[in-house]
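What follows is a set of structures for review.
Below, subunit A partners subunit B and then partners subunit C, in two separate complexes.
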Partner chain A sequence: MSIASHAESPGLWVLAWRRFRHDRVGLVSYYIVLLFVALVAASWTGLIASDWEKEVGVSHAPPTFLGPGAVASHIEPAAAPQSLHSDESAESNVIDPLAEVLAEIRGGKPIGAADTGIVDPLADVLAEIRGQSGSASATETQAATLLLGGDKWGRDVLKKVIKGTETSMFVGLAAAALAALLGTVFGAMAGYYGRWIDDLFNWFYSVFTSIPYLLLILSIAAVLNQKGTITVILILGLTGWTGIFRLVRAEYMKHKVREYVQAADAIGASHMRRIFVHILPNVSHVVLVQLSLHVVLFIKSEVVLSFLGFGVGVDTVSWGSMLNEAQTELLIGNWWQLAAATAAMAVMVTAFGLLTDALRDALDPKLK
Partner chain B sequence: MSAVDNTPVNKPSENNPLFSIRDLSVSFRIDRTTRLDAVKGISFDIPANSTVALVGESGSGKSVTALAILGLLPKQNSVVASGGRILYRDRNLLALAPDEMRKLRGCDISMIFQEPMSSLNPLFTVGFQLIEVLTEHVGLRDKPARARAIELLREVGIPEPETRIDAYPFQLSGGQQQRVMIAMAIACEPKLLIADEPTTALDVTIQKQILDLIAEVQKRRQMSVLFITHDLAVVGEIADHVIVMRDGEIREQGSVGRIFESPQDSYTQALLLCRPRLGRRPKRLPVIDDFLNRTPAAAPDAPERSRGLRGDEEIVLEVRHLGKSFYSRKGLFGRQEFKAVHDVSFKLPKGKTLGLVGESGSGKTTVGLALMRLHEASSGQVLFDGKDLLSMPPREAMRYKRRIQIIFQNPYSSLNPRFTIGQILMEPMQIHRIGAGEQERRNMAYELLEKVGLPGTSFFKYPHEFSGGQRQRIAIARCLTMKPDVLICDESVSALDVSVQAQVLNLLQDLQDEYGMSYIFISHDLAVVKYMADEVMVMNEGEIVETANSDDIYLNPQHPYTKKLLSSIPKGWQGRTERPLLN
Partner chain C sequence: MFAYIARRLWQMIPTLLGVVLLVFFLFTWVGGDPAYLLAGKISNPEQIENIRRQLGVDQPIYVQLWIFITQIATGDFGVSWSTNEQVSDIFATRLGPSLTVLVPLLLVSTLLAIAAAMLVAYLRGSLTDRMVMIGCTVGQSISILVYIIVFQYLLAYRLGWFPVQGWGKGFTENLFTYSLLPIIVGVLVSLAPDTRLYRTFFLDEINQDYVRTARAKGMSETRVIWVHVMRNASIPIITNVMIQLPGLLVGAFLIERFFSIPGIGREVLLAVERSDFPVIKAVTIYVAIATMITNLLADLLYKAVDPRVQLK
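So, the complex of A and B:
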């Protein structure tokens, strides 16, 4: 470690980075995560995937490598008169156990206008509207296949995945940052001051942890009563700080009696200075590891929330909302949206998880 | 010694030692490229029925040597060079299978450690742990095992062993815990007992008892003891044979008489002389470099410093009836008072040093912390400039805070590991607005680094890059930034090696001479206090039992506790009379 006289000496972060570089798995995960971050940044600034809502392909366009034949003909818009009513309702599903009954009902008793063969009085109007809005673009630009396929409306799944990555990672990072901020500040106060301040935060903590997690999330969602990305971040951040709080509190209790903190007291450093300037850098590795653990946790939670319908709004796409859509698509055998969202999520979450493990090893506080 | 030994080769004698260590080299892998050579090809013998002392400062490789004999080196990062041998009964322990080695451990070779509290399992009674050893290695069970355990506890001097056998470790004092450890170690009649700094964590009065016990057990059981320590005074009392180690090499070995009376190696000479002694007080303590370069400070007739108070000195700090109580809950509403410090009064003259001596739990550290308001005192006054520091509102006290500073015991934990040395030194100046600007503060920091003997490049480094002694210098420099009138040294040199201790003591003395600061020197180490202090206060159980000029108190102690404390100090080779030598 021969360093020029005025060069900065390796601090603990530099030493941690040196250790980290020897961890191959960690380094690969680190680059994968960086790639995702770059993707999110590009998507955020509108460089790519800004036109994800455009219906560039035919409905349920299959991936290019499968060819246009992979999609059943009856799914084509306006291919059969029944499908006018709804794209999905008339699809015959080979594995539907009630298919025969349905067919019987349809062929037998007259129960609905569409089924009796009576012509819809508005059919012409509808067709006209369709012709005006759809045919012009559809006939010219709607592609039969897309690279990773299309969804019900013919939107490009690749672009949706990129946009969904942006939303999901933004939610995960922002919610984890919020949770880490709350957990660190509360934990620092409780651990450092002790006594009634500690009791207060502990009661608060106990109240939060005594409610079943999903119930808590759903009740906060109900209180906020507004769907959207910010809401999801608030829900996850406001419910997720408890674990971080406990750990940070324990670290502060350990550190506040250390001699270096007493020494800071002796030179006249204020409480706030001791909490945030002296102790915080010494427990920051705990916060950092917790932060990245919670990013993974919250990405998954966002998916669950969106899947349950409490997640991001309809005008936003996230991995969770894609999986929610894929639910119905899968019934007609369209797997590509599910595959794309799952693959992106699996790679990201695994890479981030491994990165966290590597970080924890590298930041292991060997203070020498 | 044992009649069943029928092979003549195995019979231990002077010519055929119990253990022979030959060319032992141990290195540790730090990372992929760096290796640390902890032990560099050492050879020595441990004769039967004798005590061999392995002496050295931290990092000398003495503990690593002991672990190698026990086969307890960490497998994942230690490398024992193939040429080395540890011979015991014609077997090379380094080549032994792990299973066989485990059988030897605890049976033929056993060990006691420095920290008795962390070596005993707190969840089990001492009897359970002792019987476990007997069951494992001797095959005794149930009633006979219990009877044997009681017998062992009696042998190591535990009072009322029949009831104490069911005590948990925390119910015993530190000295008694170490006795239990010794009982466990000798349970299987080992041939070799390895004692790794067994008395370092203990108070001086307890240390004496444990040393006597080890010597007694060694003699009665006719076993050998490998005694690892940094303290030459202890060595002089207990060892037959001394091995001095430094940086993984043996500097000198020989019988205890020869090492103490005519040491050949300059390092051994330095070790013997750089520790303050009760009899002499040279102006400067000699340090290792003095011996290696043969400078005058090393001469035995170097000028001495006279200490003591005349009684007409200017007083900077006066403490009146200081008290500090801790409360523990008792029952639902009651509380129990524990008086850590009770009615302590003293005056601190300007430019002089007040020594505060006592064993652990005597309240000496609490006095120091209460003076600085790091602990809230329960009663009393601390008069500084005619004002009571303790009754001041915190904001006003801030102005006085910088004038009383403290240096803590452990230099490894008193510096914030995430700050550079520059930040550490400049922070107090920023808080107290000392110096006109950043540039001036920076210059002052550089000046202070030079003053405490550290290079200017240290400014950008982090604490973990420094050794213990250097860190203590940084802590001293941090205090000096505030130009304090009073400096409290709370066991400030106790965690340091002997040679480093001498350097830091010299530095403290130089700074006192230059700045005229007053010191309150808190220590359990009577020799160091005798060297540094003008006046000495002896504390016991929260109260001051005796105060006198330092020369008087050592020559003519009045209080029985002071007498007991002084008589417990290891006298080293000179003080050893009662035990006859083997060679």
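So, the complex of A and C:
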């Protein structure tokens, strides 16, 4: 804020920022979250990890600090439950003998389509992919170790974690934004107008809350019967507005009788103007804290949904789908993908949770 | 008291109607014609035709709604689309295993969380308090999936202390062989958030005037904490546990799935995977009813614990 000639009393956000700056834990978690956001932005624009699908290492490549021999000793072929690729386990330290088979498998479906006489619109792309994978196995040898290890197909776990962070955080943020929007608008309407509008939204609220959250999500997932990032965002956002609604409604009921709203009424401000221009800035701190609480909640839900296979699509990597792969990898002793996804999620969720606490303390100092 | 219960039950009707409409809308309009869904799953066209007739797909929408409401009222949701088992039978057989795991899990985790929360609330501000709180925050941030995967791998697969998964015949065998590891994992997962929450409940009470009064008149610390503080802090704890109950039945689906426990949660997951609508519809409706009833029970219990509470 600029220093005015007359003594201007600082606003809510200035005061909150002053308090927040002295909260060391909050500040550190704020920077960690910023770092994650920067990472997501870089990954989203394709600056980093855009080639996460490339098989840069050998299958099940161990992390560099373990050395290349770390895998072979652990592998018990009988324990590998994924039959599709289990046959590649023993020779994984040699130059991948299955690279061509793999390329063929990946190219399998579109080739079949071309045989039927229909012009394959993806033929060029396919040729390119096959050319790439062919040249990859011919010219570049696949690395025996990767910084954080590789997965079943030899993809770099580090890049997958970055890409997974992008997906999970995007879902969490977008779904929380949607839920906050719905909860705020519904809560504002119900709290401000009262009477039958309040009854109507309360009815909605009690209907949505009488079905346990996870069951509601699963039913909607069953009905939609399609996977994808947008679907997950819609499911989480459309079901998760209830908590925000309750709080915003209470705030509006408190604020609508205050003098500044009466003053706004006296100068002829319309209902909509009073709701969104006069009252909303005064309750926005409640929404902000709820928003960041819900980001964590939705990230956790997304991870479970994707793990179960009801979440993001098969061509997208998220922390949940990584954990799903890691579950079978752990049985043959490959713990790095599990560790990487868990660590990324734990750091992110802890930082976001602490940030939320700090935000709440800074914005609402009366609350303990 | 009786009038209160009657009024609450009366107020449930519009909510229940809303739930019925929501589920009906979801599965009839969004879900679409079952013939398309089942085309790849059931090969027998007569069977699909039967299902369509049973749902009244060709009938006007209000007839379909009426069919759905009679299904709920009679408890007869027909047969599962994928196993041909009666939906009511599915519930009857799956409830037992679910409860075998969930009742001990809930008891142990609540008692442990209360003990831990009381300890850290008593030692508030100390190093122990801060360490436990940091531990809880970090522990909470790790996905439940990781707990299950790692513990199943370490304790069952590697060390062989517990069976990796499975379910037996007798109750004792199930409880003491197959349920132990699921219960341990479940307790660990719920301990961190519960401890944090209950700690705030205890802290709210521990600073009250009546606690100082009790100490001032020379009461032993044990009595102050275990009788005076405990009794008051138990009110929000009871509400919290009660409200968790119906969701827990479904919420334990991850544990049931990993450890192959034939419970309700696993059944819901299977039904979602197979688009088995009758099962999901039935679970959603009945769990919603159970939620409303436990909310009422929670309020009544609230009154029993705290006589100051006025039910209106």
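In this section, the second predicted complex is superposed on the first by the 289 of 368 C-alpha atoms of A that agree within 3 Å, B and C clash if a C-alpha of one lies under 4 Å from a C-alpha of the other, contacts with A are read in each partner's own complex, and residues count from 1 in each chain.
The criterion applied here is as follows: a residue touches a chain if its C-beta (ideal position, glycine included) is under 8 Å from a C-beta of that chain, and two chains touch if they have at least 3 such contacts.
Just so it is clear, the structure is predicted and the values come from calculations on it, not from any experiment.
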Subunit B versus subunit C as contact partner of A:214, first or second or both or neither: second
Contacts of A:282 with subunit B and subunit C, given as first, second, both or neither: first
Touch count on subunit A, higher of subunit B and subunit C: C
Contacts of A:258 with subunit B and subunit C, given as first, second, both or neither: first
Which of subunit B and subunit C A:268 touches, first, second, both or neither: first
Subunit B versus subunit C as contact partner of A:204, first or second or both or neither: second
Residues on subunit A lying within both footprints (that of subunit B and that of subunit C): none
Residue numbers on subunit B that touch subunit A, as the complex places them: 31-32, 369, 372, 374, 398, 401-402, 405-406, 408-410, 412-418, 420, 427-428, 431-432, 456-457, 460-462, 464-465, 475, 478, 482
Contact footprint of subunit A on subunit C as seen in their complex: 14-16, 18-19, 22-23, 26-27, 30-31, 37, 137-138, 140-146, 149-150, 153, 157, 246-247, 250-251, 253-254, 268-269, 271-273, 275, 277, 280, 283-284, 287-288, 291-292, 295
Subunit A to subunit B touching residues, read off their complex: 1, 5-12, 22, 258-260, 262-269, 273, 278, 281-282, 367-368
Partner subunit C, residues of subunit A touching it in the complex: 203-204, 206-216, 218-225, 300, 303-304, 307-310, 319-320, 323, 326-327, 330-331, 338, 342, 345-350, 353-354
